[in-house]
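What follows is a pair of complexes built around chain A, which joins chain B in one and chain C in the other.
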Partner chain A sequence: MRLLLRAIVSAEDAGVAADRGLVAVSATAVTALASAWDREGAATEAELLDHHRVIQSVFEQVPCLPARFGSTFADEAALRARLVQREADLAAQLSRLGHRCELAITCAWRDKGASAPIAIVPAASGRAYLERGVARTRTDRERERRAEEIVVRLLGELAVEPAFIRHRTCPRPAVAVSMSALVTRDQIDEINSRLERLGGQLPDVTTVVQGPWAPYTFAVSE
Partner chain B sequence: MTTSGQTTIELELREEITRLRALLPERLDIDPADLERGLAGLVLTLVEFLRQVLERQAIRRMEGGSLNDDEVERVGIALMRLEEKIGEIAEQFGLDRDDIQLRIAAAS
Partner chain C sequence: MTREAATLDVPLVELVDRLLNRGVVLTGELTISVAGVDLIYLGLSVVLSSVDTIRAAGAEV
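Up next is the complex of A and B:
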């Protein structure tokens, strides 16, 4: 029976598989939770959402490392072989990350006009075309500089160990900063209030916090 | 200018190649119904990526004063026509030009 990997949990937490209809495949210290899977091809939106729901349900109950959708194994033996091969690393990750949850922080530019896609409008001359590019480059550099300032403010408010933060500046035209932070559950309320306060001091962006989720960005469970 | 024996241009080129690598899918989804469109999207993304690299270089050289008026005009016209052509082909294949830009941005 082909299996789709959902998450990795500690071997002592393998019991969570039973009431979720999941298959538990154990090594010594860790257990892989998987579902029977006979589909081929690209995932549908419903399948991706279901994958997220399964992981969240496990994560609400026990520490876990979420698997990215699409890690499939021919059968239990193949999954167990892979689990044994990666056990030391998975156990270490689980102990470091498993009890933490991920918050996704997005700062979107309020000035939607400046971040709108640029329409292809022919320029009057080759020079005019390149000069338009010069102006765009200057705007981009200015936005990048401002996004870096916002990152510094966010890091100051989060006060989380650098290893538990990942971020990108200007990943899309409408977004200034996209940041993922790993926090403990008891930090969430305080961090949310601090970020809300900071949001009021950043007039050029809208700050949105999503989560808590399982540590998707930080775990490598496959 | 050199940094540890490598010129700035070499370092920039390596950076661009790293970004280019991130644009390529790990595997191609060979769905017969969508293969042509998928390949067109991939090729257009690569061409647009290269156009943007050339544009950045041209802008830098223009700002640095190392292109004369005639060269600025010719390079500008060539890049403008290439951008228009990419837009036309994307439209023919029913591809969204914004998606192409997003794929390039995601690889940055």
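Up next is the complex of A and C:
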């Protein structure tokens, strides 16, 4: 039976698989939770989001490392073999990250023009073409500079250890800042309050906080 | 802070980005269709372009 990997938990927490219809494949210290995945062809958006639902269900009960969507194995033996190879690294990550949550902080430009598709209109002249390019470059630089300012404000409000923060500025036209913060559950209310206060001081962006999620961004593959 | 999204797609894309690009990888090979776009890849690292692909397909992100 082909398996789709969902998450890694401590071997002593393998019991969470039972009431979620998951298959538990254990090494000595860690257990892989997986679902039967015996169909061919493309996965769907619904299945992608279901992956998140399954991970969150596990994460709400026990510490876990979320798996990137798409790790499939021919059978339990194949999964176990790979799990044993990676066991030391996974156990260390689980110990370091498993009890922490990820908050996803997104600052989206309020200006709808930021995400408007670029119109392909022939320029009246070579000079007009170049001037249009210069204007767009200037706008992009101004947005990047503003996004960096917002990052500084966010970092100041979060007061989270730098190792527990990842961020990107202007990753997409509509987004100024995409940030991930690794926090403990008892920090969440305080952080939300701080970000709510900060959001009121940033008139050019809408700040959205999502989570707590399993620590997707901080669970790395060696 | 406003808890509404500038567009509804912004939070969704943030989640999709994490599901496809982050998290533990042991191995994997899968073809995914998201938002009507077939994302065919031979290794998981190629999925890094997925969000941009969704945007190019017309989703407001």
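Quick note on the criterion: the second predicted complex is superposed on the first by the 217 of 222 C-alpha atoms of A that agree within 3 Å, B and C clash if a C-alpha of one lies under 4 Å from a C-alpha of the other, contacts with A are read in each partner's own complex, and residues count from 1 in each chain.
Throughout what follows, a residue touches a chain if its C-beta (ideal position, glycine included) is under 8 Å from a C-beta of that chain, and two chains touch if they have at least 3 such contacts.
Bear in mind the structure is a predicted one, so any value in this text is a computation, not a measurement.
In the superposed model, A:A108 lies in contact with chain C only, and not with chain B.
Touch criterion met: A:V208 reaches chain C, while chain B stays clear of it.
In the superposition on chain A, contact is made by A:A128 with chain B only, not with chain C. Once chain A of one complex is fitted onto chain A of the other, the partner contacts of A:E149 are absent, as it touches neither chain B nor chain C. Of the two partner chains, neither chain B nor chain C is touched by A:D140. Counting the residues of chain A touched by each of chain B and chain C gives the higher count for C.
Look at A:E12: by the touch rule set out above, it reaches neither chain B nor chain C. In the superposition on chain A, A:R172 makes contact with both chain B and chain C. Of the two partner chains placed by superposition, only chain C is touched by A:F73; chain B is not. Of the two partner chains placed around the shared chain by superposition, chain C is the only one that A:L195 touches, whereas chain B remains out of contact. Chain A residues 41-42, 172-173 lie at the interface with chain B in one structure and with chain C in the other. Touching chain C in their complex are the following residues of chain A: 5, 7-8, 32, 41-45, 48-49, 51-52, 65-73, 79, 82-83, 86, 90, 93, 102, 104, 106, 108-110, 115, 172-175, 178, 180, 195-200, 205-210, 213, 216-217, 219-221. Every residue of chain C that touches chain A in the complex is listed here, in rising order: 1-7, 10-11, 13-35, 38, 44, 47, 51-52, 55, 60-61. Residues 29, 31, 55-56, 58-59, 62-63, 69, 72-80, 83-84, 87, 97-98, 101-102, 105-106, 108 of chain B touch chain A in their complex. Contact residues of chain A toward chain B in the complex are 41-42, 117, 120, 122-123, 125-130, 133-134, 137, 171-173.
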